[in-house]
Amino acid sequence: MSAPATAAEPRFDPSPAHDLLFSCSGVSVVLSHAVGDRKILDDITFDVHRGEVFTIVGPSGTGKTTLIRVLGGLTPAATGSVHINGRLLSGPPEEAVIVFQDYSHALLQWRTVARNVAFGLEGRMVQAEIDERVHSAVELVKLDKNANDYPWQLSGGMQQRVQIARALAVRPSVLLMDEPFAALDAMTKATLQDELHRVRDETGTSIIFVTHDIEEAVYLGDRIAVITGSPGRIARTFEVDLPKPRDQIATRQLPAFLEFRYAVHQAIGLDAHA
Amino acid sequence: MRAFIKRMGPLLVNLPPLRGLLPLVAFLVVWQLVQPGPSPYFPGPFEWWRATLRLAHRTDLAAAFLSTATTFLLGLALAIVFGGVMGVLIGVSAFINRALHPLLEFMRAIPPPATVPVAALLIGYNEAMKLVVIVLAALWPILLNTSAAVRQIDPLLLDVARTFRLRRADTIWRITVPSVVPALLLGIRVAIPLTIILALLVEMLTSLPGIGALMIQAQRNFQSSEVYALLVLIGLFGLIVNDAFVVIETVILRSWPPRVAGT
Amino acid sequence: MPSTAIRTARINGPGLLTIVVCALLWEVLVRGGVIQYSYLPAPTAILAGLYELLSTGQLWADTAHTLQAVIMGWAIAVATGIALGLMLGVSPMLRRYSLASIEVLRPMPGIAFVPVALLLFGFSLKTELVVIVLPALWPVLINTMGGVAGVHPRLFEVGATFRLSRASVVVKIVIPAALPSILVGLRLSLTLALVLAIVAEMVGNPTGLGYAVVRDQQALRPALMFADVIVIGILGILLNQALMQLIWWLFPAASRRTRGA
């Protein structure tokens, strides 16, 4: 099935005209340790719109992973609220699926690619429909020839594509991606970045993408949020007004690209901490 | 003294939470309430205590216990020495290893209890037989573990030895032996329960002096309380031996990186 | 150079030679009257004894009984061990309230249960089962618990992000992930079950291969006794191989991950 889903076709939407997908307001996260509480995130406020690629970039230790986990319902917010599709978030929402960085631990190594992709669908629909969705998801990430292989037989990039296919199979409104390409080599990373754009174009799924790679954030994003400091705070949010479709060589040479990159650098540097 | 306790502290931290004893204690309490007095099948726990006192008074309980314990320790010690030395020698020489490997695997496949009647027939019903059986049975896990560990020594370490131009004997003593200590300890850990079982088996089969002999005797006389009392005694013995070994192992392995310590 | 090394490695020359030499030496020394041990039979006599056992059908009866005890005891130990191991692995609270008890009971030598079992069940299969089940339970329980504890936390988060029910997480994630460890526990338990069955038959229930060894020893029939011991050894090897084959057949993916354990 290659007919692109229109942006106005999410799964659970009371008001189809709801353009706002995620809405974070004043979110902070506190983790308790034996030695006391530590604030990881502070006063996080931003919105994510339907159909956009929203990248969150910042140095390590700023709580980016924690933020994704909050959006994914795995970690509760200490203050503030998160709304998805106008609904208050409390636990993993149906519309979102997290794609993790360590694919080898996130995939079920004892299942074939096809059965991994089917994981989120089992028990929720008839087998025929599961097979159909698995087939189209696997095709979408160009792994149809590997459907019966085991993850450990595949390269890192391919395993990450399996994880993406597994997430897409449940037709989420948004993919929450936690530095998914950080463990891959530069060439695989580039290929997958373009694949991600293609997936978004073909399915209309929104993507919230966390990374510490500034160029990746600019290349991928329609909008960027820069997060810095400890506890992490959003320093700046801005639109990435680069032409589409993006190209690894051409886009990265544009003066505008360099300007955006500089802007992100600045936003991070402004909050320089010891 | 205080320094000693402070050193032992970290060892005690690894104890499981004491409230885990609840199921066991509850079980005994319920048993005592349901069946407090003597019975041919399920005498209550207090009866076990009375039976222990009777045993101590009537027979030489301490001597029997000592007999089992000393045979066990002696047998284990001999097995450690022989198993360790042979293990290193076999591991170091690839030729000897290939030559002896099938023979050793064959010997390993025979369940040790089956060797007891054989030993009884060949050696006779005496303490020597008991010792031979125990040593032979405890030998295999120690020997095999040690020789396997020798073969798995990181070749890099051997290169280090060559770089410093150490003699063969020096290499063995200063590199090989320390490297296989964790595996040796693991082999001993496997050998210990086997050794206890065999010591008791010999005593039960031959009525050579020991706790096992007392137990079988009590069973033949239908003295159920005594049987349970001795069961508890053996259990305590097994527990003490095991925990003592864990402490010793922890102390010895303090200098080793955590990952090689046996679980 | 490499190809010749591979070829000689397949047929372990020195190893085979050692065994043959030992057997020959043994035969010569006994037949030649050098070793006077009246109870040490020559290897050929042992083979004759094996043949005798096979032809009288005594061997089959003994083996069948021991096999029955081992398989039954092992099956009960496995079922109980996996059930308890899963429960304890999944619930830290249950672990806190039972780990110490397990640590106290675990070092108990299985043979100590023989007199108790005799008191309760006399000369019967039940006596053997009592002796086998409790000690054989521990490897399964501990390995299952360890396997569950070793499941990578990321897998639980995957279960959460796909909003799986608790039961689904256990069945689809925990059990398959813990399977290699559980299978190791099964193999350890089987070996232990055989040893315990033999012990139980030697000093407990007088039937089966364990009793056969004692019987032939006390009847002063050393050739038969040695033959019995060899049969026990072979039975152990066959049981282990059979289990490994079964595991490979049922769980090819997991047995690959268990390889070498």
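Residue numbering begins at 1 within each chain, and the chains themselves are lettered A, B and C in the order written.
Criterion: a contact is a pair of C-beta atoms (placed from the backbone, for glycine too) under 8 Å apart; a residue touches a chain by one contact, two chains touch by 3 or more.
Everything numeric here is computed off the predicted structure, so don't read it as measured data.
*Asks:* Graph of touching chains, which shape: line, ring, star, complete, other?
*Replies:* Graph shape here is a line: each chain touches the next, no loop.
*Asks:* Give the label of the chain whose average Cα location is farthest from that of chain C.
*Replies:* A
*Asks:* Starting from the mean Cα coordinates of chain B and chain C, work out the distance between those two points in Å.
*Replies:* 19
*Asks:* Calculate how many whole Å lie between the centre of chain A and the centre of chain C, each centre taken as the average of the chain's C-alpha atoms.
*Replies:* One centre to the other, that is 50 Å.
*Asks:* Would you kindly tell me how far, in whole Å, the mean C-alpha position of chain B lies from that of chain A?
*Replies:* So the centroids are 55 Å from each other.
*Asks:* Within the complex, which stretch of chain B touches chain C?
*Replies:* 15-24, 40-41, 95, 98-103, 106, 109-118, 120-122, 193, 196-197, 200-201, 204-205, 212, 215-216, 218-219, 222, 224, 227-228, 230-231, 234-235, 238-239, 241-242
*Asks:* Provide the residue numbers of chain A that touch chain C in the complex, in ascending order.
*Replies:* 72-74, 92, 94, 96-98, 100, 102, 105-106, 108-111, 119-120, 122-123, 150, 170
*Asks:* Which residues of chain C touch chain B in their complex?
*Replies:* My answer: residues 12-19, 22, 37, 39-40, 95-116, 118-120, 194-195, 198-199, 202-203, 210, 213-214, 216-218, 220, 222, 225-226, 228-230, 232-234, 236-237.
*Asks:* Residue numbers of chain C touching chain A in their complex, please.
*Replies:* 152, 154-155, 157-158, 160-163, 168, 172-173, 176-177, 179, 253-254, 257
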